[in-house]
Amino acid sequence: MLHFDTDYMEGAHPKVMQRLVETNLEQTTGYGSDDYCKTAKDLVRKTCGDESLDVHFLVGGTQTNSTVIDALLHHHEGVLAAETAHINVHESGAIESCGHKVLTLPSYEGKVCPDDVQAYIDNFYADETYEHMVAPGMLYISFPTEYGTLYSKKELRELHDICLEAKIPMFVDGARLGYGLMSDACDITLPELAQLCDIFYIGGTKVGLLFGECVVARKGLLQHFFPLIKQHGALLAKGRLLGVQFGTLFTDDLYFKIARHAIEMAMKLKAGFVQAGYQLFLDSPTNQQFFVLPNEVMDRLAEFCSFEIWGTRGETKTTVRFVTSWATTEDAVNKLLENVGASSL
Amino acid sequence: MLHFDTDYMEGAHPKVMQRLVETNLEQTTGYGSDDYCKTAKDLVRKTCGDESLDVHFLVGGTQTNSTVIDALLHHHEGVLAAETAHINVHESGAIESCGHKVLTLPSYEGKVCPDDVQAYIDNFYADETYEHMVAPGMLYISFPTEYGTLYSKKELRELHDICLEAKIPMFVDGARLGYGLMSDACDITLPELAQLCDIFYIGGTKVGLLFGECVVARKGLLQHFFPLIKQHGALLAKGRLLGVQFGTLFTDDLYFKIARHAIEMAMKLKAGFVQAGYQLFLDSPTNQQFFVLPNEVMDRLAEFCSFEIWGTRGETKTTVRFVTSWATTEDAVNKLLENVGASSL
Amino acid sequence: MLHFDTDYMEGAHPKVMQRLVETNLEQTTGYGSDDYCKTAKDLVRKTCGDESLDVHFLVGGTQTNSTVIDALLHHHEGVLAAETAHINVHESGAIESCGHKVLTLPSYEGKVCPDDVQAYIDNFYADETYEHMVAPGMLYISFPTEYGTLYSKKELRELHDICLEAKIPMFVDGARLGYGLMSDACDITLPELAQLCDIFYIGGTKVGLLFGECVVARKGLLQHFFPLIKQHGALLAKGRLLGVQFGTLFTDDLYFKIARHAIEMAMKLKAGFVQAGYQLFLDSPTNQQFFVLPNEVMDRLAEFCSFEIWGTRGETKTTVRFVTSWATTEDAVNKLLENVGASSL
Amino acid sequence: MLHFDTDYMEGAHPKVMQRLVETNLEQTTGYGSDDYCKTAKDLVRKTCGDESLDVHFLVGGTQTNSTVIDALLHHHEGVLAAETAHINVHESGAIESCGHKVLTLPSYEGKVCPDDVQAYIDNFYADETYEHMVAPGMLYISFPTEYGTLYSKKELRELHDICLEAKIPMFVDGARLGYGLMSDACDITLPELAQLCDIFYIGGTKVGLLFGECVVARKGLLQHFFPLIKQHGALLAKGRLLGVQFGTLFTDDLYFKIARHAIEMAMKLKAGFVQAGYQLFLDSPTNQQFFVLPNEVMDRLAEFCSFEIWGTRGETKTTVRFVTSWATTEDAVNKLLENVGASSL
């Protein structure tokens, strides 16, 4: 059986695992006050090219989204996001459980459009009854999006300019950030991203770690964040596990190298599917690939390969998602393509 | 200056006011434990034709919506509502501030469509990832809607059947209920409404009272509701004010009579506007009337009459709302129509 | 039957009621945007001797406490209060339902001690683990307290100095403020109170109004308070009802005069009880009077007079509360004392 | 430098680490749906001697407390706990941030007294105003407590009987459960504990794992717990990490063996300190040991050994905590005692 369900099916990259083993019996203080965290934060700042950035480590993505958004919003504010945003669809209402509304914008293959953001803000304040409505208090986007798509540098700059003008922070969910940055379609670097938004996170869970998300914020943006992390149940007792992992990930460009591998596997997979006559749902440049498959093809594939049905099964055709990761082997992709190619309809 | 901004511009109906004055110096216990509340609740049950109903008095509409919805939803659930629903747009995020997500459905002149509700529920449970999503835990509709429109008995029955099948309560926001029931287009009675949903409220603020909303619920649906009302800051110390007011409103059909008057005034206003060549935004059968006016007409009207801009001012045309109420005088409507008619473009 | 249960058993002072009747059919805009509210706010500012103060009207006490406290606290902060504070005991967890912890201090007849406040703050920051604890983010006191007691000017100044030093706001719950200010034991005026704290409210529900609490805050302290009031379900549609009522209350010193009457009645009642040999639970200088009664005396009194059992019935003796108000008649007090005096044990 | 600050200074037990390495590159589905979790849950059920129990894995202690308590309480209810309880003191208000009040009981060396629990419940319902108060909705205790103390089987049974009678669940925080069960002073087994409460958790973070807490609940007690875990940000993407770890911990009694080691080290440490003339703060039978040290002794010890100041530094004496764990070496304890013994005052 081949598995392309998602990018968190394995444990950690062997180098990360090795460091966890090597440091396992060392004694450190808790909650991220250890030297491994300190070193890792310095590495992240250095890799981001800005020594002034604030860096925090959390455990998982939903947790990071809800803690960061809770930290940034005032009571009367909500978070602007695409209607397909992870925070709006797949986090069991975590944002609302913290008291905040997700203000939805149209989604274009997972992306929001700068004009829509501007119009939302303009219309809000032009409405005589706006004080009875939830104010747009921040912008959330994901990079790559839940559909594997990417914003261009120009789009990011436009979005950020709108946010700066409106004096609201722009937050980038980078659960799959590495897979975005290493895409051939990406025209920004990590240091550029750090200047094109106010706060973002570098996802570790899906890019080489057992778990771990690294929040990077403009200095001073996050006030009293430590107790808030604790309050959200997001403070890891053995915080050094995050320091050791991220420290390894940002040594010798490991993060970028393994992310690049996933992209290469994804492009090979996409090319093979297209060659075999399969229909793209959309043309994703990152590690998530979406196809619209006749149900009989899908059912046949499911006999030797696992993947995710995207939404619900259609009457005759169904959209599916195949995902590669740092751990995807070329052998697995080859086997998949051999079997796919042999049996197109 | 004539005022058609909304239906809560005056105080209470004179008969209500008179009873408040008459009872003013009587001494009663607080928090709704007095005899006026008991009597009024009995009157409401009787008028609704079902002695088994639970009745509670609260102060305002947003308060009632957030308290009721908070009472009915489990943690993992949200409330289905039209995207134009008052709870989704004009309550400053009150529902979310209690931890709950508003799950939006397409709005058809303020109404939800039974097929959309059914599809939402079906698709939810057909999605493999549904446990990561907010479950549809109740249905909220308004009657009349925020656009003045009404559900037919058939539509209400379809919606309720879907809810019964899905084992989720159906809640009807009746902030303007009287203006719905007394419309010529309405094909249900109050006792019928009480059986066509699980919980609703009879709005007093907009129909004759100083303030007050009367929640009517299927017996046993609301558990531990008293402390929840208190917790929401919705428990009036001098609860008897609600008992006295609703007791008067449901004596000698006062509620229905004064609501009927508002409908007659609204129909006259609509007819006059249409006759004068104005364009309907939609054809509302209740006390809220919507027109699309050229901006120059709107500006001229604004010189002698107040009304509400619906959303934001358009570039050349703007949608506006004119509202009548129990207190609208025929004289005011006549004066409005005289001036409207004299100056059509 | 005589009633001394509490101070919200009647409606409004006749002058207040009269103004509500007189203005009943006037048309105003909603939500406090009317001229009655504007005028009343000016009157409050003038009576408080500080034109720079921010003034807001809300409906009830629990609602006001939870809305104000929610507005003032950051996520990692809680509110310091006596363990007997209304917010800690009798508000059904309203503060916690908004996400905030009540940090309790010892209660001395309802009052907190400045030394305890200082010690709490000092110990908090001296604790190595303080970032895992809820920070003292504001101080809540009541004036008079739930036990009818009063802070001296010196105590208030000490408390405020501690708060200023710690950079946290001091909030005074004035649900019964008039009954405090008009006590012979009170050594502050309303303008002095306004400078001895950062925010307080003038309770109307218990001092002459149908309902209504008037929040008075240091300029700029409350940010974006209007949508927060709405979100809390605390925004009255017919806001002018609050303007009309408070406007009347602060015309010709009505508030102070009627509060003074209640104090005189309370002092007469206390003197009579003491003369009849009853035991004071504590020596309250305001309108709430507490006695420890043998159960047989209590049961006998209950035959012709209602009052409140304070907590739970004791085995042989029980603490009870008798409350006077602006509406208490001298006749009622006389009758009570006649019957009390005739049957001491 | 020797370290006795706490019991989470190292990584995982080597056997646990080994299994994580061995399984690292296996592919599994996420969120705990894998076979490792299934197997581990079966092992836990078997070790608890009750196949009907519900088992869930979460990441950390504060997270587990807030998620479980949020799942169990109704809106009008709070959680009874000792005033020294971890949830009341050291979780940054996590319980309140979910909307719930901690109802505090006197603490006797960290324990609550059954009589106090009974009295709280009785007094609550005997109070005429109880519907304005937060109802006792569950009981939280810790085993061992934050002071290292243990409840006897008799005490647990009394507490549970009170809860059963009051129809509220009893929840045992077992962050250090192994260190309680393996104490010489403990008179219950794990299967007995499972029957002496309604829900508890087996702490892994402090007893051999990298992280992980295992919630064990009476069947059917936790409804819709999966989406609630997700909503709380407590759902680990690579859930199998918890399955692998707990599976190892409950194979060949590893959990009990390593916990026993910590107890032996703690008893040796305590005996050595007592012999050296140090004063016990209280006589703890588990892995946390508390001493009251003259400040000069404390400062001297701090030169070669780290430990925790318990609360704040006193003027002349300070309470300190020394903690052993599964990872504490006998060599470290010997070195500590050599240096302690050589320099008593």
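Think of it as A, B, C and D in the order they're written, each chain with its own count starting at 1.
Rule of thumb we're sticking to: a contact is a pair of C-beta atoms (placed from the backbone, for glycine too) under 8 Å apart; a residue touches a chain by one contact, two chains touch by 3 or more.
Nothing here was measured: the structure is a model prediction, and the numbers come from that model.
Under the contact definition, chain C and chain D share the contacting chains A, B. A centroid comparison over C-alpha atoms places B as the chain most distant from chain D.
Counted by C-beta pairs in contact, the busier of A-D and A-C is A-D. One finds 34 Å separating the Cα centroids of chain A and chain D.
If each chain is reduced to the centroid of its CA atoms, chain A and chain C end up 50 Å from each other. Each of the following residues of chain A touches two or more other chains: 75-76, 91-93, 97-99, 131-134, 227-228, 230-231. Within the complex formed with chain C, the residues of chain B that make contact are 3, 5-6, 8-12, 14, 17, 20-21, 23-30, 59-64, 66-67, 91-94, 97-98, 205-206, 210-211, 227-228, 230-238, 241, 327. Residue ranges of chain B in contact with chain D, taken from their complex: 70-71, 74-76, 99, 131-135, 223-224, 226-228, 230-231. By the touch criterion stated above, chain B contacts chain A in their complex at residues 75-76, 78, 89-93, 96-102, 104, 123, 126-129, 131-134, 308-309, 311-313.
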